[in-house]
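What follows is a structure written as structure tokens; I'll ask about it next.
Lettered A, B, C and D in written order, each chain numbered from 1.
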Amino acid sequence: MSSPTENHHWTMIIDLDRCTGCQACVVACHVENNVTYVGEEEVAMGRFMHWLLIQRYWGGEYPNMQARFSPIPCQQCKEAPCEPVCPVYATYHSEQEMLNIQVYNRCIGVRFCANNCPYKVRVFNWFNPQNPEPLDQMLNPDVTVRSRGVIEKCTFCIHRIRRAEEDARYEGRPVRDGEVQPACVQACPPEAFVFGDRNDPESRVAKMAESRRGFRLLDDVGTVPEVVYLKRGVTDVEGI
Amino acid sequence: MSKESRSAPRPAEPDQALALEMRPGILSDQLLLDPRPVGDMNRYIMEAMQRTGKGFWILVAILASLVLIGYGGAWGYQVRWGMGVAGIRRPVFWGLYIANFVFWIGISHSGTFISAVLRVFKAEFRRPITRGSEMMTTFSLIVAGLFPLIHLGRTWRFYWMIPYFNQRQLWPNFHSPLMWDMMAIFTYLTGSTLYLYLPLIPDMAMARNITTGWRKRVYGTLALGWRGSESEWHHLKTAIKIFAFVIMPVMFSVHTIVSWDFGMTLVEGWHSTIFGPYFVTGAIFSGVSAVITVLLIVRKTMKLDYFLRPEHFDALGKLILVFSFAWTYFWFAEFITEWYGGEPVISALIHMQARGPVAVLWYTMLFFNIVVPWSTLWNRRIRRSTTAMLLITIGINIGMYLERYIIVATFLTKGRMPFNWGIYNPSIVELLISIGALSLFALLYVVASRLIPLVPVWEVQEGQLSHSLRPIGRALVPSVVDLE
Amino acid sequence: MGKKISRRKFLKVGATAGATAALVAGCSSDLRPYRRSLEPPLRSPEEALPGEAVWYASTCGQCPSGCGIVVRVIEGRARKIEGNPEHPLNRGRLCARGQAGLQALYNPDRFPSPVRQSSRGSRDFQAVYWDDALDLLAGKLKEADPQSVAFLGGVMSDNLFDLASRFMKGTGAAPPVVFDLLSALEGRTTLAAASKALFGVPALPVFDVGQAEVVFSFGANFLETWLSPVYYGRSFGNMRRGRLRGRGYLVQFEPRMSMTAASADEWVPVKPGTEGLVAQAIGKIVAERRKAANVAGLYKDVVVGDVADASGVSAEQLGKLARIFDTVDHALAIPGGALAGRNNGLEATLAVQALNVVAGNLGQPGGLSLSPDVPSESLVTASVPASYADVQALIERMKAGQVQVLMVHGANPVFELPKASGFREALGQVPFVVSFAPFADETAVQADLVLPDHTYLESWGYRLVAAGGDRPVVSAQQPAVQPLYDTRSTAEVLLNLAQRLGGSAAKALPWKSVREHLQSAIGPLQALPGGNLHAASTDAFIEEWQSHGGWWTTQEKSGAPGASKEVLSSTLVVPNADFAGDAQKFPFHLLPYPSILLSDGRGANQPFLQEAPDPMTTVAWNNWVEINPKTAAKLKVTTGDIVKVTSPQGEIELSVYVYPGIRPDTVAIPVGQGHSDYGRFAQGRGSNVMDLLAPLTEKAGGALAWAATRVKITPTGRKATPMLARTESAEGVERGFRDAENPG
Amino acid sequence: MAKDTVLMGLFNKADHTANTVEALEKMGIADDDVAILSGIPYPAEILGRPLVWERIPVIALSGAVIGFLIGIFLVAGTPQLYPVHVGGQGLLPIPPLAVITYELTMLGIIVSTFLGVLWESFFPSYGPKRYDRLVTEGHIGILLRCTPEQVSLVKEVLKENGGHHIHTPERRPL
């Protein structure tokens, strides 16, 4: 267990073998993080705001078709290409959480980070968010509502992380494994997501990150993502 | 004009004026070897500036309305509602604005190249065209510099990029190529503005001396009290020499850094080491072409045939042919490396250019940038034909604009994750702002052409002083005295 | 995971969690974040402290399955819905629809008060006072012959179903007819009928996918909408990394690759209507391999070769699949919605259930069990949906003018019933229609009086978890926020009406308040052994029940069914499925399917559900018709082209989505769009596939045979504008998933 | 003797001017008392004038140093004031340091050179000056200071060498 004063190394495991593509994480993220909706025309233009997108890839040909889902949140790269290109430090790497932080207040909207993200997980507020009354009442007060002209992206629900750290500090104990759960992790019915602190060698993520199925997205680019994917498994039915 | 000057005897005509009647074939017209009295030249320039017919004001009105529509209307609309009114979308986060930015930065290379490089290398044909091209540098930089602001999601926060002591204690991020860009453009804009202004001071004094009313006051202020004393001339010439040497590397750095906005990224097709020289070459190519276009128009409308002669365009034509070769070389070097590698995303990009939706733009670019210059500019008659040169140079600028557009907007459409590929079409707002930008440039130039002597008279006169026709055998051959 | 979170903190009403903006709080260590508070709201619930989160446990009302939720409330406003970690059905997990529930509560298109309509369909709603509205309804009820009063219910909490049943009984009217499209698409009635036939109990089956080694699913899209998607989603996760073997093997038999099939290891595109035959063929081979005597009679007439010809699944593949099914200890077969949606639905379902008997997994881990009985007599049986035949009978009565007053709650029959059912016309014959809809849905627009119910986040109630779950659960529903508008819970309205009517009605509903009724229903649970709650008094018990989100047994407890020997010994013949429409004229099978996001259209007014892309097509805000690439090439259409889909019953226009995972002889259309009303987010998007369906029924049970219509496709030559909104790239879609899965 | 008389003469040609300068020097009028105004920059050698000591290169150089130091401060100094880590790069990135210091050095040279011109030439100065507009018409003006006794002789020298418009100019607004 990591001590409360220590730095954390927050890691997300996404088990592609368990992901069913059901979009629970996507909607949970929307609600938790006040991510706005944009409507049909804007979605058609590719201006949807999902912080987490489940990408669906086809493979094979009928009748041996296959489809694969991969949920792509911000990969929280250790060597994030988005960070150095921002002229105003609106996105930077937090030393304490080892996360890629997006500071909406500081963002001036040059969108260089979004271009430079190989995963294209950064979304831009093309317009002000729409929240016709009383939809605005469901906005989460822990999370800023972003206005037009700024970039936003998955934060690993950093407000939840900070709250858990605060709780732990107040109670004089380390943050427990599983105490912090981003909204997507919490919602996922088949538990395709696991979240935790890799600095804690006993944590589930620390163990799962070593899995032989594990890989990182676009590993060759050298961004060193903190999201570890577990490859889809195969059951050897011939051997049964 | 005072009585005194009217009664004054004219300075004697230089001896070589006698050669006018002989006009041998090798006489180089670009050296203006038919000097006229200095006072006549001054008045010639000043009168050309003050001729403002109905057509002029109509043009100004049209340009001003286009500027107003583009910047006041379209940009204002965009600031009010958000970037969404532009056509950019995921994953093409940069579009026409940045293409415009790169293009206009490229145009700005005209003045510096012609003025500074040719000055350093003592290319004498530069003299009448330096001012016109330096003005292009400054104005196109102003137009270009606006585009990053237009492109900002929160334009009203642009000053956060400026490094200054502030309450937030936070400085800009100098890791970002955009900061380098800003520094480089600021340096270049400052440098090119001062470089435009310094040689202008004697001409301002000249204008001050032969005008009256508000013009006299304006010119008098800008002339800073210039009398033409030895020390003034000396300081000025030293400063110009320093400027010429300093502004050249700045020029190269500016477009190199602009290219690094793309080269520094992980975007497939952008991440290229050759982008620096490729962009610089393209910039000079399009910049010099734009100079020809503008000067041809200026020559026609302001009747500056005495100063701007077909021989100048002949010389500039050779220059752009050389830069067409150079551009082609860099373009091909970049293209073949990427094509040969066969990386999937790059292949998709190349496929899109060669056969996909971008093909029309791509082939047009190659046609205007390679086919047209190579097939025409080797011909002296074509180089000396104003109409042909006008068409060719406009074509080159269309080609170079397309090149910028293809690099900025279409390379972004395909990234490493095929799921995220996208398309991009500029919206009406972007088009209006782009037209507004062109109009702003034209408007600045048109207005300035009536306020700033378009030909640096003293430099031309200095050139004429240093040139003479010397008989060698049976011909009169122009010879140059190096006065510096 | 969730279990480790302190329950005391997490669940108790009034318990707190830090809520100050974490970015601010992160700076200092000495200040206790809980002591900081934001500005007080103008109107806050008494128990809430400003700026601090309160969590209310309740039950999700977005679909009939009844997952436990906790609602995070700050300053009297609900901010987030999460799964209740204690709830045995979903264990803290929640699906997309559950997450979006706040947008039902805070929907901008709710009725703010009861309204009357001068003429039906005019949408000229005039606000009325509750007293006047109730007087009016009570007057109409008094005037009308009790026999001519009808109650059409949909997704409703079970306490309301209880009250409605009692109310109808008290007034001497026919019991409520409960019909909603989602339940019909799930084939609930057929599943229950099959259980009745095979096991003697009309209960819904529960499949222990989590502990199964091999799962054969016959059209059951159990990861999407079928019965209890969160329960089965959890089970699927366990199956993938299960306790028994390393990784379970899932085979999906259906004509269209659903999201469940995409998650499966193998997708077998069987010919529509032959799923039952395939199950029989596999059963026969397995029975032969096992030499199972008990089912020998069952498969007497099955010829594997014939099945292979009929279904398009080769005999070798059938043999291979049977071998896989046979070899493992824990094999499981699931009969799903689509196979029940044809006129041979009951036989097909039985054929699949028989496979479980062959596998010998009844009541075993990784096997089939039945949903547990209602634990207490005080609770009525859960609202088992009526079959379509019952609805048809109601429509006939309406057409014949035998219905004077129609009350509609929780259902939107104008939208959900096939157009060809004639409901819309029949509605015109009913003199007085009352809707309890919170939103102006298509049915409310056709009503004379709308008495808007609270949304489920504003009302009291309980729900008996009928589908899924391994133990009896009485899930609690309580308001998370004060009612936003001048709405009233329909339960309360019924109590009030009963008082106004007096007589037998008042006697049938003796409770003064909804809460009192709840107490009488829930209170007896206290005496039951093995429950999760421990309280000294009834009041305390009810409070516990609410704060924990329900009552359930601490031990797993589900019915181990015993298969009827009669059924097993007699030959089971799965007749050929009949399809409406001539095969020559209408060449394609139409497969409607419930959208994972909008379910049967209920979610269409929630923008987050509209915005979230469909998992398979990534389309948002619209619907489409899925066509195999080869078929599309023959028809010369491509994604985004608008085509006319024509059935013998009607025609609609839709965008094409070229879908590689569908049989060339089948087209699929998701249900849920095509609303003409239902608020700004739902209106005017796509087309309603129900307009195409023939009102066929399953022969034995009377369920709606919703997958038995044939259609033809005619290109219109037009393109959708804006183009079909999807998150995938139109060009990138051609690329295989290898890039995504292991690009490095 | 006070050199309080100012004379000015205009010449049409550079060699006339040079001759005059030489003659004036012979008659004892110091270089410092003679100034030449021209519309074209004649090198000092042509007119036989002493070379002017030039400080502008030094000013430019110091500008370069200042620019360089500002560049160092911005790239290396400011991250120390408020450390923010980006993209796994160090707080002091060397390559950007090179770019920024380069640009700022250049900016320093450019700005200081310009200021140097203003400083050295006493620009701007809008006060009344002794001047003749014909200077921009191609004439070369000689402005000189002499004692009242020398006036007539000087005038003669000027005239002899082709000077015209010889007079004592008044200070007038330019």
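The rule is simple: contacts are C-beta pairs under 8 Å (C-beta built on N, C-alpha and C of every residue); 3 or more make two chains touch, one makes a residue touch a chain.
If you're wondering where the values come from, they're calculated on a predicted model, not measured in any experiment.
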*Taking each chain's centre as the mean position of its Cα atoms, how many Å separate chain A from chain D?*
64
*Any idea how many Å lie between the Cα centroids of chain B and chain C?*
67
*Distance from the CA centroid of chain C to that of chain D, rounded to the nearest Å?*
89
*Indicate the whole-number Å distance between the mean C-alpha point of chain A and the mean C-alpha point of chain B.*
46
*Where chain A touches two or more other chains at once, by residue number*: 45-46, 48, 53, 55-57, 81, 83-84, 86, 89, 218
*Enumerate the residues of chain D that touch no fewer than two other chains.*
84, 86-87, 89, 93
*Give me the residues of chain C that touch two or more other chains.*
727-728, 733, 735, 739-740, 743
*asked:* Once you draw an edge for every pair of touching chains, what topology comes out, line, ring, star, complete or other?
replied: other
*Could you list each pair of chains that touch one another?*
A-B, A-C, A-D, B-C, B-D
*Touch list for chain A against partner chain B, complex*: 42, 45-48, 53, 55-57, 72, 81, 83-89, 106-112, 114-116, 118-120, 123-128, 148-151, 218, 221, 223
*Given the complex with chain B, which residues does chain D contribute to the contact?*
10, 12-13, 35-44, 46-47, 49, 52, 54, 56-57, 60, 74-75, 78-79, 81-82, 84, 86-87, 89, 93, 96-97, 99-100, 102-104, 106-107, 109-111, 113-114, 116-118, 120-127, 129, 131, 133-139, 141, 164-165, 174
*Residues of chain B touching chain A in their complex?*
81-84, 89-91, 93-94, 148, 151-155, 157-158, 160-161, 170, 172-173, 175-179, 182, 261, 264-267, 412, 415-420, 422
*So in the complex, which bits of chain D are touching chain A?*
84-89, 93
*Which residues of chain C touch chain B in their complex?*
727-735, 739-740, 743
